[in-house]
Amino acid sequence: MTTLLAVLALICLAPAVAAVLVRNLIHSALLFVLAWLGLAAFYLALGAEFVAFAQALVYVGGVSMVALFAVLLTRPGRTDLLPPPSAARAVGGLAAASLVASMLASSLFWSRLPSMEPTAPIPLRRLGELLAGPYLVAVLLVGLILTVALIGGLLLAAPRRPAEGGDA
Amino acid sequence: MLHASHLWLIPALPLLAAAVGAAAPRTARRLPVALALGAIIGSFLLSLAALAGALAAPAAKLTANFTWFWAGSTAVRLGWLLDPLGALMSVLVCGVSVLVFIFSTAYLRDDPRLGRFFTCLSLFVAAMLGLLVANSLLLLLVCWELVGLASYLLIGFWFERPAAAAAAKKAFITTRLGDLGFLLGLLWLFHATGSSLFYDGGAGVLEGGALERLAATTLPGGWTAATGIGLLLFAGAVGKSGQFPLHVWLPDAMEGPTPVSALIHAATMVAAGVFLVARVFPLMAADQGLGGVPVHALTAVAVIGSVTALLGALLAVAQTDIKRVLAYSTVSQLGYMMLAVGVGAWEAAVFHLITHACFKALLFLGSGSVIHAAHHEQDARRLGGLATRMRFTYVTFLLGTGALIGLPLVFSGFWSKEAVLHAAELWPVSHLPFLAGLAGVVLTAFYMTRLVSETFLGRARGDGAAHAHESPRAMTLPLAVLAVASVAAGWIGTPAWPWLQSQLTGAPVAAHGLAEGLGLMILSTVLVGAGIAAGGWMYARSPRADDRAPDPLARRFPGVFAALAARLWIDEFYAATVGRLLRGAAALAAWLERWVWGGLVSLTGRVAETTGEVNRAIDEDGLNTGFDRASDGLRDAAQRYSRAQTGEVQGYLRAVVVGLAVLALLLVWGGVR
Amino acid sequence: MILAVAPASPADAWLERAPLLLRDALTGWLPDALRPWVSALLSIAVILGVFGLLFAYMTLAERKLLGRMQNRPGPNRTGPFGLLQPFADAIKALTKEDIVPRAADRVLHFLAPVVLVALSLLGLAVIPFGRNLVAVELEAAVLYFFAAGAATELSIFMAGWASRNKYSLLAAMRALAQLISYEVPLLLSVVPVVVVAGSLSTTGIVAAQGGWAAGIWPHWHALTPWGFSAFAVFMIAALAESNRSPFDLPEAESELIAGHLTEYSGFKYALFFMAEYLGMAALSAMAVTLFLGGWQAPLGLLEFVPSYAWFGVKLLLLLLGFIWIRATFPRLRIDQLTRLSWKFLVPLALVNLLNGGFWAATADWSGPAAAVRWLVSALLVVVPFVALARSLAAGYGPRTYRYAPS
Amino acid sequence: MSPLHLCLALSAALFCTGLVAVLIRGNAILVLLGVELMLNAANLNFLAFWRFGPGGGEAGLVFVLFSIAVAAAEAAVGMALVIAVHRHLRSIRIADANRLKG
């Protein structure tokens, strides 16, 4: 179990790191997609089938598409190579991030977690009942948020004359 | 069969139509028309149902009362009343309204404000119906005023014409004078009886207990409260139905569109006064003791009525404007009705009211048809020769005339007028009203003959009449219906079969065959014949050649004719007395306003102004300097501080993250557990 | 992902059991620990083989059918009736030189076709081809299928962008717009099926469509009003998803000189070709599973025919439909494409979702109530369709042609 | 090292990676993607504790679903914002968008 998880963790961490480091915009976007796929696989290994597929569907099918579309609509220039980040920003950012990293690592290793038996993955039907039962309000709210986000996205991205470009 | 508690539906429908029509956009011209027609037809059916319900139990006064609001501990209650009087009237009003509406669609087809016209008309009908089915004097007054408002709006419908605007104002103000009396009477009645309901299961003001109380309480001067209240209410009726002192507005009201004249100022609204008196008849008749009482409500009614009947007929003789002739004739006919009420035969009055509504509406619509055809030429002198060009209108107009002057045995007017005169003849107090009525009969026959022959006979004396042609179907159809009605409406109340009277009084009236009052009938027939003969001899025999030609009557009696044509200078008299008085009062008020109150106000203003000046000086020179220095310092500090505000999102983020991390590390390593 | 080995139930007919018996015969001698894996590998191999062949002959069928529809004979030289044509093409593609533009992004340029083929094969894993023939039995199979299919356009984008060619880039953008637009109606049209069948697993959905009303009317979803509407939306969206005409904007030979395929040649091109047909087949198989009752026989008395045969027949019918449509319809413009999706298909699918909910809620109505149920459902399909169609068609009169005077 | 530890470590690493992306990449799109990555790390935590935590309650699982949905919305709006910004400034470098004036 652990070994499988470890392998998957590497599969999903490596592209993420690479995505942050490469200078080619498209490459890093695609690497992000790869990382998300790896994460989906990780979820699958955790026994969260539904979540895994939802992750793949939403991120690979939706978010990555939107991101790539945005990239194409806002081409920096002939080439997609980004200018290297300014030294100050890089140093500052890395410092801050390393602080957080150390914090997390410390809290991780200093806190002794009882290693428990994995609880059995729940059947899909149960999940559906949960979503339609106790969490119904939340589901409706999320649906509302998505609708609003869709419309807001359209309005934001549409040219000044909403007559054209309203769709797509 | 309509229950009393549903009566409110009858006025509600047109009211709704009026509301929607008023809200409708100006461009939607057809919408208010359709609404008004639909609503009035619905009300017509409803009131038919109500009539059926009322006739099922003529004597019973079916009421549905409810509390409007509580004034302190006394409840102000309104209600609906279902009895043959109200039901018949509402059927009549609705029927005439339907016809007039249809007529108007053609008459005002090209008017830009068609929608507004029908909205006002619906409002009027709603108020009128409410007035008819009201069981509370208060509710009746409300509807009464609404009717007045609608009449004002409609008289002034063509407000571009100064004449129309003036007429509207005149009508409104004149009727207000009467309504003041009405209001006082209402208040007095409410104060005296503590209720404004007519019939309230014995507690109403028209029922035993209250009437006895009113008749019992006497005032200084020997009058009873009943008489006083009755007179005050009658003042309202005088104003509304153009009785003698306040009749001046009615002829001027002819400035409004002809359908309005037909509906409001001939058939329905002006009859509201008669209806009111008939409604509160028990109250007026409460005090019959004539012993030593100087004046008695019904006596006043009878006198006023007879004077009006005669005066109206006289003035009608010398008018040249078709509609004015008809207007004065309306005045005199209303006088007949009041006369009938005054002599105690209120059912006869209602009978005459119904027939008069039919044939006067017919006559007005006919004149409207003529005016429409003659391109808005309504001076009889420049008309003429229309008998051949507008045969249909001519025939119907003739029928209406016959009804008005009361040609014997077939025409409705004959029967109703006969009933009125019959009652007047039997009046114990005096015979003057009866004689006045007889004189009125002659004059009526005379001026109607004059009108008909001037308008229709001879040859056209104006290009308007020359190019006249028959009016469209939508105008002739109502004429036909009304013609039938004005002939047939009389048969429901003949002495041989007094159905109407018995239904109204709720007690079977003995059918005293045609034999009784036969002499009167013959007499009136003779008088009518005389009038027609005189008119025909003067006008029809040799119709005037052109519109310059002087009136034959004027040729013979110039003085009389001039006086009549000038309407006996009544208007001028009013202008000289009341008008001048009012103008003086207004001038005084203006003077006071400008010099006394205005002076005070401006003085106060000046004081406040100066205080403000002082304050400002103190502020600017004293306080502000300190504040300025403080705020300058603040601004500099802010400028220095705002350098950190680079707008670099990631910069902020970096700061946030560092802060967060440090905090968390403190928590973790600093052992802050 | 539980790899179970379903035993062949002796109740079935011999033909029905044949595949499972074969599998057991092949894997019977293995230790139990290995058997699931080996049988999984077996099923993969079978799928690859079957659908590879299917691809090969689909190309042939398409070319021949198009030829017939355009009054051409189509390929008829290689082998009898040109039956060997696909293999000739394969050999040609293998032996061709593989050209990569100098400016191209080599990695992505290489990855694109591979990823595409892989992804379009993934979906087939959860399709129940027969009563017991499903490679991977998943609880959320439907979700898995679309998750796998969602990525295909990604590789098209990779191809188009990696070629460093403006036509290819346009193709990439179109591909993205198309996917973003048509993913929505595709999924929305599936949801009512899931709602009604009460299951996300393909086998469950197929099982839910078993049986016949009055013995003759199958309980297939496509034969209910809402199901029919969902089926229509699904097929249109599927056309767009698999870049088939009339939605083949990314590879528009006539305007974009084959779009993202411009810079591809040889075997990579063949891979793209293959991926297109595999994706088409996968979507059609899904349509069969969701709407046409999967491997269920249309009539009770036809059940002696093995289930996988039924599945094959339905699949082939849908594929031929694809070809027919391609031969019939002209290509849309990108704005027409997106408008069709957002203003027509999506609202329709949403209303249909409601419809499915109604159907599921009234599952126990019977007798005259059932008639009402059908009527309401039909109205819920027809009324929105007519309304939307009218509102969209407003202003577009019948087209008038003016011919040049001869 | 227990699976729970592994999950938490992975999520921490992912979180930091996303954070770095947010902090040092100049391109707005990449920043948004970094945010997405951080969200994913959080989701991973939820799942980990749902699976290996002290039992009881599928709340973690359900919450992950919601968070994925909201993340999708966030991405859509974010990209739309990026496009709008680009229309204004002809650039999507975050450093350029440092004025409130549009």
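Here the chain labels run A, B, C and D in written order, and each chain numbers its own residues starting at 1.
Everything below uses one rule, namely that a residue touches a chain if its C-beta (ideal position, glycine included) is under 8 Å from a C-beta of that chain, and two chains touch if they have at least 3 such contacts.
Since the structure is predicted, the reported quantities are computational estimates derived from the model, not experimental observations.
Of the two chain pairs considered here, A-D and A-C, the higher C-beta contact count falls to A-D.
Centres computed as Cα averages put subunit A at a distance of 6 Å from subunit D.
Averaging C-alpha coordinates per chain places the centre of subunit A 28 Å away from that of subunit C.
Separating the centre of subunit C from that of subunit D, both taken as means of CA atoms, is a distance of 33 Å. A straight line joining the Cα centres of subunit B and subunit C is 79 Å long. In subunit A, the residues touching two or more other chains are 50, 54, 62, 66, 69, 89, 92-93, 96-97, 100. Each of residues 650, 654, 657 in subunit B touches at least two other chains. Those residues of subunit D in touch with two or more other chains are numbered 19, 23-24.
Pairs of chains meeting the touch criterion: A-B, A-C, A-D, B-D. Residues 89, 92-93, 95-97, 99-100, 102-103, 106-107, 110 of subunit A are the ones that touch subunit B when the two sit in their complex. Residue ranges of subunit A in contact with subunit D, taken from their complex: 1-2, 5-6, 9, 12-13, 16-17, 19-20, 25, 28-29, 32, 35-36, 39, 42-43, 46-48, 50-51, 54-55, 58-59, 62-63, 66-67, 69-71, 73-74, 76, 82-83, 85-86, 89-90, 92-94, 96-97, 100-101, 104-105, 108, 113-116, 118-119, 121-122, 126-127, 130-131, 135, 138-139, 142, 145-146, 148-150, 152-154, 156-157, 159.
On the side of subunit A, the complex with subunit C involves touching residues 26-27, 30, 33, 40, 44, 49-50, 53-54, 56-57, 60-62, 64-66, 68-69, 72, 123-125, 167-168.
On the side of subunit D, the complex with subunit B involves touching residues 19, 22-24, 31, 94-95, 97-100. Per the touch definition, subunit B reaches subunit A in the complex via residues 650, 654, 657-658, 660-662, 664-665, 668-669.
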